[in-house]
Amino acid sequence: MGKYILKRIGTALLTLLIITFLLFLLVRIMPGNPFPSERMSDDMIANKRAEMGLDDPILTQFANYMRKLLFHGDFGNGTSLYYGVPINTVLSTCISNSFRIGGLAILIGTLLGLALGITAALHRGKFLDGFCTVLSIIGVCVPSYVFLIFLQYYFSFRIPFFPYFFDQKRFLFSSVIPSLSLSLFTLSTIARFTRNEMVEVMDSDYVRLAEAKGLYGGSLIRRHVFRNALIPIVTVLAPLIVDLLTGALVVEKIYGINGIGKLMVDAITGEGIDYNYVLALGILYSALYIGIMLLLDILYGILDPRIRVQGKAGDA
Amino acid sequence: MEARMNTKPEAYTPQPGDFEFLSNRDITTDKNYSSLSYWKGVAIHFFQDRKAVIGLIIIVAIILLSVFGPMINEYGYRDIVSFRNANNRKVVAKGIGPRIPALHEMLTGAPYDDDFADRTFLFGTDDLGRDLWTRTWYGARVSLIIAFVTIFIDMLIGMSYGLISGYFGGPVDQIMQRFVEIANSVPRLVIVSVLAIFMAKGMGLVIVALLLTEWIGMSKIARAEMLKTKEQEYVLASRTLGARNGHIIFSQILPNTIGPIITQVMFSIPTAIFTEAFLSFVGVGIALPQCSVGTLIEDGFNNITTLPYQILPPIIVLALLMLGFNFIGDGLREALAPKLEDM
Amino acid sequence: MSEKIPGLNQTDSKTILEIRNLDISFRTSAGIIHAIRGVNLDLCKGETVAIVGESGSGKSVTMKAVMGLLDSNATVNSGEILYTYTDAQGKSVTTDLLKMSKKDLRQNINGQRIAMVFQDPMTSLDPTMTIGKQIMEGMFLHERMDRGAAQARALELLNLVGIPDAEKRFKNYPHQLSGGMRQRVVIAIALSANPDILICDEPTTALDVTIQARILELIMEIQQKMKLSVVYITHDLGVVAKVADYVDVMYAGRIVEVGNVNEIFFEPKHPYTWGLLSAMPDLDTEDDRLYSIPGSPPNLLREPKGDAFAARNRFAMAIDEKAEPPLFQVSPTHWAATWLLHPDAPKVDMPPELRARLERARKEAEKYL
């Protein structure tokens, strides 16, 4: 197990390094000029380039970039609009906002999803089961930003209860609408998955055997159904979180949240953001993505004894 | 011999002739159902699945509407509806809610009392005065075309990649799979943001972004199927008979791969539509005056406080497309690999 | 017993399980399947009964009804399952298991009085729990043992079922054991709360041939040691010949022939039993084609008219298409549901090839007596 984890971590780091290098390469060979040329003379640009090390061989540049990033956690400075402003200062507020709202969404989605899925499975074929099916269909078919638009329209515009835009000063209160809309996809997927897994486990031979032993009701569910049904949920969490990252982009943009999603939208649309930001955001997202995959992989290995405990016995 | 009646069957008094053996029966041949071809079986199974059929109906309906929908009225998707009214003044049909004059008259007993009293706008018009019915189906058409084209190309790329990787195995497979692993570790958003630097906004960007990401899933499926089939007897047999690699891949293994790949296509198309909608909504997708489901949602969002009805049609079309393709995908998956108890 | 019911082994030993006129149907998307159509069955203390039949004949469903493990879409239309046991005060108590609530059944019957071994050891153990815990679960539940005692008894059971290195295996997860070992664990679980009756649902079908015999011997050994009554559900007549005292042959939800093991194997009366016996592979048969019963079992979505087996029966008569045959008594313990046994029916004997084969088997068997 230890060896497996180490190997996984090693591959993950290597993959991240390769991706970082590729991103760096792409951003550096980018056509055009990283500086707003109309405001700078050729000499100024040449000085600036030299100062930033843009004339060095690409590998040296990369080594310098990585050294700064790894040892000082420094993404460097922006070049155009945020000229002179260290990217870190911008990123730190954004990360904290995004993580809090995203975390809230995952928490709401997972907990409510589990609760709904479990109740549906225990009342198979009844009203709640049908409700769970319908909800999961809606959650899969409608993007999170559409929920946001509706919630915003009805609960901030028609009934002005929640703020229409995100308000840093009333963090929790103004997080309700974006977190809820972000959590719906997670919620519905987890509810459906939990329900199906539970039903499958409840029909399994080992639950039959446990019943034959004399277990029933709550203790049967607790001892034999939950663990077997819930371990695989770890496997759907990864794509869910990734989806949530994408969803967060538009949600942050629409709701005016100062987060990395909004920065990313700016990077994608090219609105007032420069290549260094694209690079920093690319590395950040890739690291996040790879890190989450790695974490869930390891978690799954720890939870499932079939992976955790290796070794076979002889035949009977 | 003493005969006791079982409790269950009613007592029966044997009639004369009852104890004659039955003749002229053939009990040795079993009824045979297996002569159905594989695809026929899949089709039967698919059409027995209620959800799959609903999905198919939805998708067919949307495709038909996206082709013929814009034709049922005279407004073009980019035309601003305007004409001269009774006072010979030019009026533009800006922000008209959905209306069917006949229905309105039936319900309220009076016709509309504005300049557009006799005009039908099924979905209404937008803030500039363009007919939303036409725009919705035109947008659905653009979204569907983008999805179909990119997923088709992705299917070709992914299948070739996966089949080659799986067929040759060994170091070729190793290298190709390492590459997939790395490609798969780059979030789609990062790819899009880097692309946005190199490419102009518009349909091209959306298509390239989808091409770069969606082939991976297909290649994994193709490779897995390849690994499964290539060890099977009939493939080994034709290899010993001297069949060439290309022949084995294309005429023997490909047909087996097609089922799971089509299923994956059915799940990839909604992803593509979703991504397109997302990118267009953000503003790097389809550019004006063209429209797609995504730009229509964005338009609707921009006017939500003034024309709240405007956002509904594209959202409903988007949701129905998702629903339809997911239902078809589920149905196909089950029809291709039927569980024994369902038979 | 006051009234004699056809088709039951009227022996002197004490009956502990009586199934009377059991009738079960299932609701499915395709319609209602009438799976069990009036089954009677007796199990006496210390004896072994085997229920034989093709898949879908209803043998498993009958025993699942005894365990209260029927799927939720099943309905018991009629019948009773009487279980007789000695309670804590030493009094003999008889209850109808079908009338007990699920909770009552689990608390008082399942595990501690009637236990079950399932067909596939690969899927019948919880993959996330060590086998030690799974064995001890029943003890905590029914006997309120403390941990130490339970552990000692679990180790004892693991030794009893022939698992080497019991202490080490105790902490293993199911995936670390082979199929044969897992089936031993399942047997240990079944025995963990000292049951009276052990129901074995095809206990060896999923196992290697070499391991099959060992598992059967193990069950027989334990049966002797613990004075268990055992019900085997199987389609394998080889297993039946090896272990059973009485045999019930089931077809399309009914018992079509019942008798002691010699009667069924050497003097079978029902054409279906003839078919089953002919289909058994045998080293001595000169015929190089393996016989199989033509056709397939009837679809119980439609109530069969007349004898359910008629369509596959070489000896079917006109009456078979009109009425379901009652059980005719052949000997005090032997009954068969076929019109061929009616006094007016033409005399038909089993096919000569089968007769010759059974003769050979009988001689073979006598050699070892």
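Letters are used for the chains, namely A, B and C, taken in the order the chains are written, and counting of residues starts over at 1 for each.
In this text, a contact is a pair of C-beta atoms (placed from the backbone, for glycine too) under 8 Å apart; a residue touches a chain by one contact, two chains touch by 3 or more.
Note that the structure is a prediction, hence the values are computed from the model and not measured.
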What chain is most central when centres are computed from CA atoms?
B
Suppose chain centres are the mean of their C-alpha atoms. Which chain sits farthest from subunit C?
A
Just the number, please: Cα centre separation of subunit B and subunit C in whole Å.
50
Per the centroid of Cα atoms for each chain, what is the distance between subunit A and subunit C, given in Å?
54
How many Å are there between the centre of subunit A and the centre of subunit B, using C-alpha atoms for each centre?
26
Report the residues of subunit C in contact with subunit B in the complex, numbered from low to high.
4-7, 21, 23, 37-38, 40, 254, 294-296, 310-330, 337, 339, 341-346
How about subunit A: which of its residues touch subunit C in the complex?
124, 204-206, 208-217, 223-224, 227-228, 231, 304-306, 309, 311-316
For a test of understanding, state which residues of subunit A touch subunit B in their complex under the given definition.
11, 15-16, 18-19, 23, 26-27, 30-31, 137-138, 140-143, 145-146, 149, 153, 157, 242, 245-246, 249-250, 253-254, 264-265, 267-270, 275, 278, 281-282, 285-286, 288-290, 293
Residue ranges of subunit C in contact with subunit A within the complex:
67-69, 72, 102-103, 106-107, 109-112, 115-116, 118-120, 123-129, 137-138, 141-142, 162-163, 169, 172-173, 175-181, 183-184, 186, 189-190, 192-193, 208, 211, 214-215
Along subunit B, where are the residues that touch subunit A in the complex?
181-182, 185-190, 192-194, 196-198, 201, 274, 277-279, 281-284, 297, 301, 304-305, 308, 311, 315, 318-320, 322-323, 326
